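Shared between the two complexes below is chain A, which pairs with chain B and chain C, respectively.
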Partner chain A sequence: MSETLTTRRASLRLFVRANPGIAVGGGMLALMLLAAFFAPLPYGPTTPDPASVLQEPSGTHIFGTDANGFDVFSRVIAAGQRDLPLALIGTLASLILGLLIGLPLSTKSPWSERLMRALDAFQSFPLIVLSVTIVSLTGNNIQNIVYAIVIINGPRFIRLIRGEALSIRDGRFIEAAIATGARPRRIVFRHVMPNVVDVCLVQCSLTAANAVIVIAALNFLGVGVSPPDPTWGSMVQVGAQGISTGQWWVAIWPGVAIFIAIASLNILANGIQRRVEGS
Partner chain B sequence: MTTLVAPEARRSWAKRHPALRYALVRVAIVPISLFVLGSVSFVLVFFIPGNPAVTILGDFATPEQVARVNAQLGLDQPLWDRYLTYWSHLLQGDLGTSFFTNEPVLSDIGKFLPNTIELILLSLLIAVGLGLLIGVTGAYFARRWPDRLLGGVTSALQSVPDFFLALVGIYVFFFLLGWAPAPIGRLPIDAGTDHPPFLIFGSLFRGDFSTFGAALGHAALPVLALGLVYSAYFAKTARGSMGTALTTPQVEFARACGLRERTVVRYAFLASRTTVITYIAILFGSLLGGASIVERVFNWRGMGQWALEGVLKVDVPVIQGFVITAGLMTLTLFLLLDLVVLALDPRVSYE
Partner chain C sequence: MSERASEPSVPSLMELTDIRQVFRRGGKEVHAVNGVSLSVGAGETVAVIGESGSGKSTLGRIALGLITPSAGTVTFDGTALGSLSKAALRGIRSRMQVVFQEPYESLNPRIRVGDIVEEPLIIHRPGMSKAERRTKVMAMLERVGLSPEHAERYPRNLSGGQQQRIGIARAVITEPELVVLDEPTSSLDVSVRARVLDLLRDLQREHGNSYIFISHDLATVGLISDRVAVMYLGQIVEQGPTAEVLGNPKHPYTRALLSATLSTVVGEKREHVPLRGEIPNPSSAPVACVLSGRCPIEIDECSTGPVAPRRVADRHDVACLRVDRVDDLIAVGEPE
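Then we have the complex of A and B:
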């Protein structure tokens, strides 16, 4: 029993030493998620205390309180319940869209080239304004921010997967598969798709990082917010009103949480990239 | 008929001037893109739920009032007629009037677009300058400590949302240090909100240095917030393309010839300049969107802020006006980009 435990611990240590990026980034992310869902909070994140409004950080409220009397610390931790899963769902949706459109488009036909140019034009449009329009028109729910994430990140996945699949299709083993009589569907699923997984993993964690920014930006504008549920973006917005009069803690702490979430996703992406290149 | 040319002659003309042909085809596509853009902006209205007349009048309007406003907006006409009217207005430069302020959309754009262009150009200047510096230095010292340090700085900057950096800037430089003016717009509050377009460039041009100084002071924080965040994206691209350019045999040969290091780096930069220029155009587009939130934080009164407020109030003509203006800007930019890349890089294929 203890024998297996030590070997397991040793192999874990080996993994961490070989992939510091994955371990640090993934660990920080897991910690944030665990804290968001299971950490005991000192105050209710949605129950204001009218008696303590805009208090500076102190022993009783370690991150202070905001203009409504909410405890900033509890809300910063609890906001992860909404922001992080939403970012992951948005990333997954973008990935699926990228696979569904990118793989069939991985030909050199003039049509697919033209579609890629159209995608370029679409991407060069100020998409954040477009996504604000769509989310506020589809009913201003926080779930609808998934559309925004997909609109902004889907094209990147399509381009990446198409490019990668194109270069894989030139490979000898695809030629061999065709020669043995494999159907196109089998080639795509058995031979091309496993080879795009690596780049997709890197892009997934970059997309999740971008998704955290998109969610925060939209919530900062008041789009997709349902008070009093905490999200990092809406907390920054509440704090923005007091920032030029010196109540820094209301806006800065949720901002720091956004920073840590994005940084850990970027570190994770770097780690995966290292591992993919190394192998 | 002197204009009649034999097909062979025409084909050989196209073959002899592939670049010119490419440029002409590229320019010829523009009207098609414009048509698509205009139609998309027309179709946009149908995705907006609810009746525009109810949006204007509020929920307590009587059916007669709704019918009257519908007639005023031309919404009782058949769809095809509305489409034709839309295009005839658009071609005359009439973008309609805002539902809520009753201002003509075109004059609003004329008022707010110059503010946004100034903000974007200044931010782009910082982003490109700083990004190039970081990227080229990192690529030159690849895998040594300056590269690692700058890579860390880039990652950190990429992890900050621009609006949050702007808020931190306001707290530190306005509240704590008192160096920056209050985030209330483009000029001190006693100057009012009516000022000539292109405040910064214009006052510099006219030699009005007191206005120039005040405007530049108000611009410092938003420009820095946007410029720093976007310089991280630029640095990453520059680091990548310079990294490739510095490991080519061409660079090794240049070193072997005994050229100075400065010259070697310059040659490597010239080899990667098309990537850099392409990325500048892409950055311009994303800055147009990214600026809108920062504009709101600083009450910059730019087009992004105006459009966002229009979007949040479901002000249809404003949304359409923004889509068309932003689309026009991106179309022009990418036309220029393609032509510049064509002129700079003879390796581009013209097919």
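Then we have the complex of A and C:
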């Protein structure tokens, strides 16, 4: 019992030493998620205290309070409940779209080339502006944030997966599979797809980082926010007015949270990249 | 029938008739295969030898239906491959398989060895149960000299020789009648090479299948093949029984190829047959003998038109106008 525990601990230590990026980035992310859902918070994140408004960081309110009397620390932690899962869902949706479109397009046929040029044209739009427009035209609900993430990141996945699949299809083992008598569908799912997993993992963590920014930007503009539920973007928006009058803490702390989320995802992406290249 | 390819001494399994393959590379035409006819008998091993760029690998892919030739027909057991639907062609692939030169590259790095060997059964034996397939895979792994525990490994965890054994196991598990071996041993160590060749020979003895053995290695070819076809610039310049072609070569190119092979016997005297210059690009359809311009015994007639193969001995065909004078080569050629 204790023996398996020590070997497990030893193998964990070995993994951390071999993959510091994955351990640090993934660990920070896991910590933020755990804190968002399970950490005991000093104050209710959605219960204002009208008696303590715009208080500076102190022993009672370590990150201070905002104009409504909300405890900034509790809200910054609790906002992870919304922002992080949403970023992951948006990333997953982008990945699925990328696989569904990128893999079938991984041929050099004229129509697949034509579709890629259409994608080029689409991507030449400033996509964040495009997604804000679409989202604000179609209404203020939370699915729209996922759509916005997919609009921006779906084309990146399509391009990446298609390019990777094209080079894999040149491989001798694909020719061997054809010679074996495998159908095209079998070749795509059994032989090509498992070989794009590596680059997809890296792109997923980069996409999640981008999604955190997109979510924050849209929330800052008021899209997908249902007060009084906290999100980092809406908190920055609320605090932004206070910056010039000296109440820096209301906007800075959610900004720091966004920074840490993005940094840990980038470290994770870097760690995965290194592991993939090493193998 | 004089223009027909030299025939096997057994009933024919595969017929390649006047195969031509033109590739387009950056607007230029490359005639990779230029009117090749070859026939493979049941249970026979036919070697196709030539330098890189001679079109031998392209010919192998055409035989397998992996490439549709620009012209000419491939007939397998009486069926023209060109007449088959895609589904029918996939079906017939259980009867003709391939082993590639690069053992590692031809195995999917993300699939376990056992699953790689099992795949042809999943595709071609839909009636077989999972348990039956596994039993067969394990028996096949053992047959090619690996142990059942290898089934759980990934290709990168095996040696080059073991990887090639996996490639062979995958190729023969459906008991195909024809296996194209595209330089199967040329990337292996010499010691491993001999054992893989032994395995290939044993498998043939057990199943009675045919091989098309593509190689540039004359020593290997001599060990394994019944007949030899020598390719140069997309054409077969000489073909016939192995002992005939290697023992009594009649084409200047075959002579040059043989003389370029290092002797395995210390102190053995080798004749030196020089060819001028390098192998040219096969960028145009032939208007002369393929060796024209490089041949030491060339005469004017050699450059006036393509040279058709002629029978010089039993089943031994040579495409050379100077067959009678080929023994003069040593006297003519100056060692470089």
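One rule holds for everything that comes next: the second predicted complex is superposed on the first by the 278 of 279 C-alpha atoms of A that agree within 3 Å, B and C clash if a C-alpha of one lies under 4 Å from a C-alpha of the other, contacts with A are read in each partner's own complex, and residues count from 1 in each chain.
We adopt the following convention: a contact is a pair of C-beta atoms (placed from the backbone, for glycine too) under 8 Å apart; a residue touches a chain by one contact, two chains touch by 3 or more.
This is a predicted model, so every value here is computed, not measured.
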Report task. State whether chain B and chain C clash or fit side by side on chain A once the two structures are superposed. Result -> fit
Query raised in the report: Touching A:Ala263 in the superposition: chain B (first), chain C (second), both, neither?
Result: first
Report task. Once the structures are superposed on A, label A:Arg183 by its partner contacts, choosing first (chain B), second (chain C), both or neither. Result -> second
Requested in this report: Would you check which partner chain A:Met116 touches, where first means chain B only, second means chain C only, and both and neither mean what they say?
Outcome: neither
Query raised in the report: Touching A:Phe173 in the superposition: chain B (first), chain C (second), both, neither?
Result: second
**Report entry** Residue contacts on chain A - larger count, chain B or chain C
**Finding:** B
Query raised in the report: In the superposed arrangement, does A:Pro126 touch chain B (first), chain C (second), both or neither?
Result: first
**Report entry** Included angle at chain A between vectors to chain C and chain B, based on C-alpha centres and rounded to the nearest 10 degrees
**Finding:** 90
Query raised in the report: Looking at the overlay, what does A:Val199 touch: chain B (first), chain C (second), both, or neither?
Result: neither
Query - Minimum Cα separation, chain C to chain B, after superposition on A (Å) - result: 10
Requested in this report: Could you please specify the touching residues of chain A with respect to chain C in the complex?
Outcome: 171-173, 175-183, 186, 190-191, 194-195, 197
**Report entry** Of chain B, residues touching chain A in the complex
**Finding:** 33, 47-49, 155-156, 158-161, 163-164, 167-168, 170-171, 174-175, 182-183, 281-282, 285-286, 288-290, 292-293, 296-297, 304, 307-308, 311-312, 314, 319, 322, 326-327, 330-331, 333-334
Query raised in the report: For chain A, which residues are in contact with chain B within the complex?
Result: 120-121, 123-129, 132-133, 136-137, 209, 213, 216-217, 220-223, 236, 239-240, 243-246, 248, 251-252, 255, 258-259, 262-263, 266-267, 270
Query raised in the report: In the complex of these two chains, what residues of chain C are touching chain A?
Result: 64, 66, 90-91, 93-94, 97-98, 100, 102, 105-111, 119-120, 123-124, 167, 170
